[in-house]
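Read through the structures below before going on.
Both of the next two complexes hold chain A, though its partner changes from chain B to chain C.
Moving on to the complex of A and B:
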């Protein structure tokens, strides 16, 4: 460890050669090595593999020596398939609607819970339970609530006179996707709530009081004092929700499997179907690469949002 | 206080009641269904309150002498084993890495740090096929090792990110003082830094554990033998077999949720901290 330059000793300057700096710090890498090895094996390899596979036509058996190079053909097939645009539209609706409503409900909940009152901690804990339990549990629970014959939601809508007979939520092309989005919001809004509650604690109390003394009403205080302080945390929250929704598989897969007639098919379920249903691995890989690119764009904004204010920090 | 402010506060209360109903009613319905007989659950209009409540669904699942209970307890044990191994290994790998990212200034540090963070950007399904081939090559398909290795990487980015935040807040002077007193760098780390980072380790552990406990996609692909399955997959297979046993399924999902909910309630403070750390700068 003697070689390692500690946090303060630092005998080397930035303008020393890169190689020299790497050699001088070689002991430091030992600390990150286990993490890097695991990440390389489980991340770098699959990414390389996926990009490589996307240019091949592969047999269903997944015997890689029998594959044939097809160039950009897989990408062509995807972008010209009519299903691509409907699946993309579903993915957009799913991601944007889930994120929007989860964030909105989370914001209202955070604002309502910000003030101290009896039972506040208990309430917060209950609201977080859907976020903690498995998506498999949530999917089966909601499948039962939506059940076409014995579901409690259908029964209530008849009892309260909204409909004549129970709605078949998950088997109807108009209601399937919105029904899944409700489940997603149920699972996720408390994540936004927790993030925004933490954000609210950074709003200086004096500033709010000063605004009140100056005659600002509740809305003005929220918009001009509270909201600016929530900007950073809101960015991170929305991005994390978008990534999670974009990637969420279990709820649509277990509840509708993308059906009926593709009405709730999103990219992830579609890729899964191509890979494990049709066993067209090359095509699924090309789809995955397109998804990678979208995710990298979101990832760029995520890193930007996380590192804001870090710019002045010395390296 | 003017009436106007009270108006906002009342709106907040009404909203809280509504959101509580939205959250709790589905869970309450899960519990109510789980104490019904199969016959009672399949009625229209539904029995709002079970006419003859029964614990039969629970005793069946928890009884090691009948086949259903034996399988269920087996799945639960598998889930517990995999989740615990993931958590312990995760801490062992994340602690040194986070410490290095916080303390050392080696070239490529920032790049490597964000490369690790980006893991969370990628959906599980996309990695399924390459990882399956990789695990086949490593001879890990059909073992719990394949799941533990995979879950490790889910948890790592968050663990490293969180622990780095903790280490950033522990003054370097504490370690330097120990070094002056004759401690080696490793001793200073073990005796000074480690004890101070216990909250961070707890926070990351609860996240790794819950993540591993709830994971479905990889467990469904990598495992094949019935006696190896973890709970989420086991429950799905169970449901495929007894498609109309909704009370049994609800009891099973309830039992599956109990450990993570209890863990969450006990360690709530750390859980919340883990979620919000890094995103909120005061």
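Moving on to the complex of A and C:
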């Protein structure tokens, strides 16, 4: 609830001047000022510091105060390095595949659990386990399931005669990234399921019944009635998944550390290695700024999706 | 390739520097202040398991009296120190000596207030970096052998040499002194040093048709043995470790590279300049080829080697599924511990593995026998970066105490060795040799130890570029030649300031 503390000439709209709106809501702003100050210190300053650092060379043999200004050279180094493009490709594959399949699996699970059936609550609880389990625990669990010499999956595949020797999931440059994506999908589909189950509650039952009366089959009812109602929540879910996947660190870092030979290296693990492995803070900062810009673009679309329809609504 | 620098190769001449250093050590010990109390000077040229046993227990040392010459025992002051103390999982005796050390220091210097923080190994460097940026560092810090160089290069550390706390450089291993020397100046004092050993399962050797009482003498033999074990028994031969950004990888690969005559820079030479790159040398390529042969050609090592650290080798070894690995002196205690926790059929297997566990010297190569010279060093932080300012006398009192023959031995009880060579003459060293199995074998590797290059870029070279080189070759992403050339180019670029 907004608490206006000054005279206003009629209801304020979004296209009113910022200053006018601040004056009109000065008490509100006063209430949130302490939080804003804290956010400036813990969020805005680090962002500024990172952007500033991205223009400096910071060799391991010098203190940060002895850094040297190199302009856009760090960005140039990144964009001309072959590793950047392979890491970017890995990041895109990781993000898109994880998001797409987690969403698809979540949608399937949500639709399945939307109907009443015996044991639904138990099944829903079971399907939530991947989401609530610690990412660190899940990573180690899957690491041992996948283990190239003594993994459970490999042992079963040999025992059941599918393969002659254990499958090499994590120590092969062709299978490492897909194997990690499977783990990520397993971890994230529950989130999509919860979001979409909430979205399904908004689909009017009368519409579905009317469509059924009109002779629409199950696919037609889904496509023409359910799907349009899920559009908003789907967009938010996909955007949140994409943001989370772009920022994924725990699963790839703990399971492969970006290896073997960089096969599962994504932006975050790469930045971590440059910063904490190589102590090259300037280059790592430049990488982080690039990632920040990408995240801001996604954030823009996320806010757009969330505030769709808000424009023109009186405050 | 020539065979030199190793006693196991016939006709091996002692390198000029080794001979000079050994002479210096003998001479230095004879004139060092503490040596007056020792029964006999240590002669590194005689170093062998028998020699280590023969000198143990021959000396008596009075720590308080030695340190009083540097800092009076009634000195009043304070000292703050960060180090990696014993973890919960470590043996009780390690915790006991750690506790006794602080009690003894307090008893000796009752007027020096101590603020000691034990910080886990993986966090210490990052925490120190952060605190130094805010001028909130401790006065004294003990770091792993390679950790101090970065801080010395950045100007955070105060010059510190053994003489500053009443000892002489000759009382410490030459390799250890190299590790605290940056740009010609000394920035620390070694507290403890260790070299790894080659561990193998004698029963697996016998089952595979190998001599169960003889470790592979050369790295070429490791390749052959590993294949023979894998082909005959269907289990992994050698516990290759090639994970990226993991310290375990260079600790196991560099001995192999040095043995074949390769190097990262020229750290294996008698007078390293640390300016020339050796990763694309024939020796380096030969070592990489040997790893490639085991992993790709023979498939005689764990497939998981690319994601394994040494910790992942322990389970297959105790389960009798891995025959050979390079590990610390404390690995035997670890295996005994694992066997104690096993149950049922697993326990039978584990007990059998422990009974058949053998330690040998790290294999030699065409060029030499080599091992990474490991350990820790203690440093003093420059006054301007210390929270509350530096009390130099307080810091020196603690360092003298820590690096004394007595405490450098007791604090290295299970997993290392005294940094102060006179520690080998103490009664406690004798007790260690009597109670810790295979300690004499791993200790006898010390003269073959080579420290990693003491330059600020060393962590990136050792923990990232070299593991990358291994992975590029072992995954088939590059040929052995390409991987070596790629790694060399990366090091060149790094040293060139890229």
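Methods note: the second predicted complex is superposed on the first by the 284 of 315 C-alpha atoms of A that agree within 3 Å, B and C clash if a C-alpha of one lies under 4 Å from a C-alpha of the other, contacts with A are read in each partner's own complex, and residues count from 1 in each chain.
FYI, a contact is a pair of C-beta atoms (placed from the backbone, for glycine too) under 8 Å apart; a residue touches a chain by one contact, two chains touch by 3 or more.
From a predicted model like this one, the values you see are computed outputs, not experimental measurements.
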Touch test for A:149: chain B only (first), chain C only (second), both, or neither? both
Look at A:173 in the shared chain and tell me whether it touches chain B only, chain C only, both, or neither; answer first, second, both or neither. second
Return first, second, both or neither, reflecting whether A:279 touches chain B, chain C, both chains, or no partner chain. second
Of the partners chain B and chain C, which touch A:260 in the superposed model: first, second, both, neither? second
Which of the two partners, first being chain B and second being chain C, lies in contact with A:93: first, second, both, or neither? neither
Check whether A:216 is in contact with chain B, with chain C, with both or with neither, and answer first, second, both or neither. neither
Touched chain A residues, chain B compared with chain C: B
Interface residues of chain A shared by chain B and chain C, listed 62, 64, 147, 149-150, 166, 276
Which part of chain A faces chain C closely enough to touch in the complex? 57, 59-64, 77, 143, 147-150, 166, 168, 170-173, 255-263, 273, 276-279
In the complex formed with chain B, which residues of chain A make contact? 1, 4-8, 10, 18, 21-22, 25, 28-32, 34-36, 38-39, 41-43, 45-47, 49-50, 53, 62, 64, 105, 108-109, 111-113, 115, 123, 125-130, 132-137, 140-142, 144-145, 147, 149-150, 152, 155, 158-159, 166, 186, 189-191, 194-195, 198-199, 201-202, 217-218, 232-233, 236-237, 240, 243, 246-247, 249-250, 254, 268, 271-272, 275-276, 281, 284-285, 288, 291-292, 295-296, 298-299, 302-303, 306, 309, 315
Spell out the residues on chain B that touch chain A in their complex, using ranges where they run on. 4-5, 8-9, 12-13, 15-16, 19-20, 22-24, 26-27, 29-30, 33, 41-46, 92-94, 96-97, 99-101, 103-108, 110, 112, 114-131, 133-134, 149-150, 152-153, 156, 160, 172, 176, 184-186, 210, 213-214, 216-217, 231-232, 235-236, 239, 246, 249-250, 253, 256-257, 260-261, 264-265, 268, 271-272, 275-276, 278-282
Under the touch definition given earlier, write down the residues of chain C that touch chain A in their complex. 126, 133, 150, 153-156, 236, 243-246, 302-307, 315-316, 321, 455-457, 459-460, 463-464, 468, 471-472, 474-477, 497-498
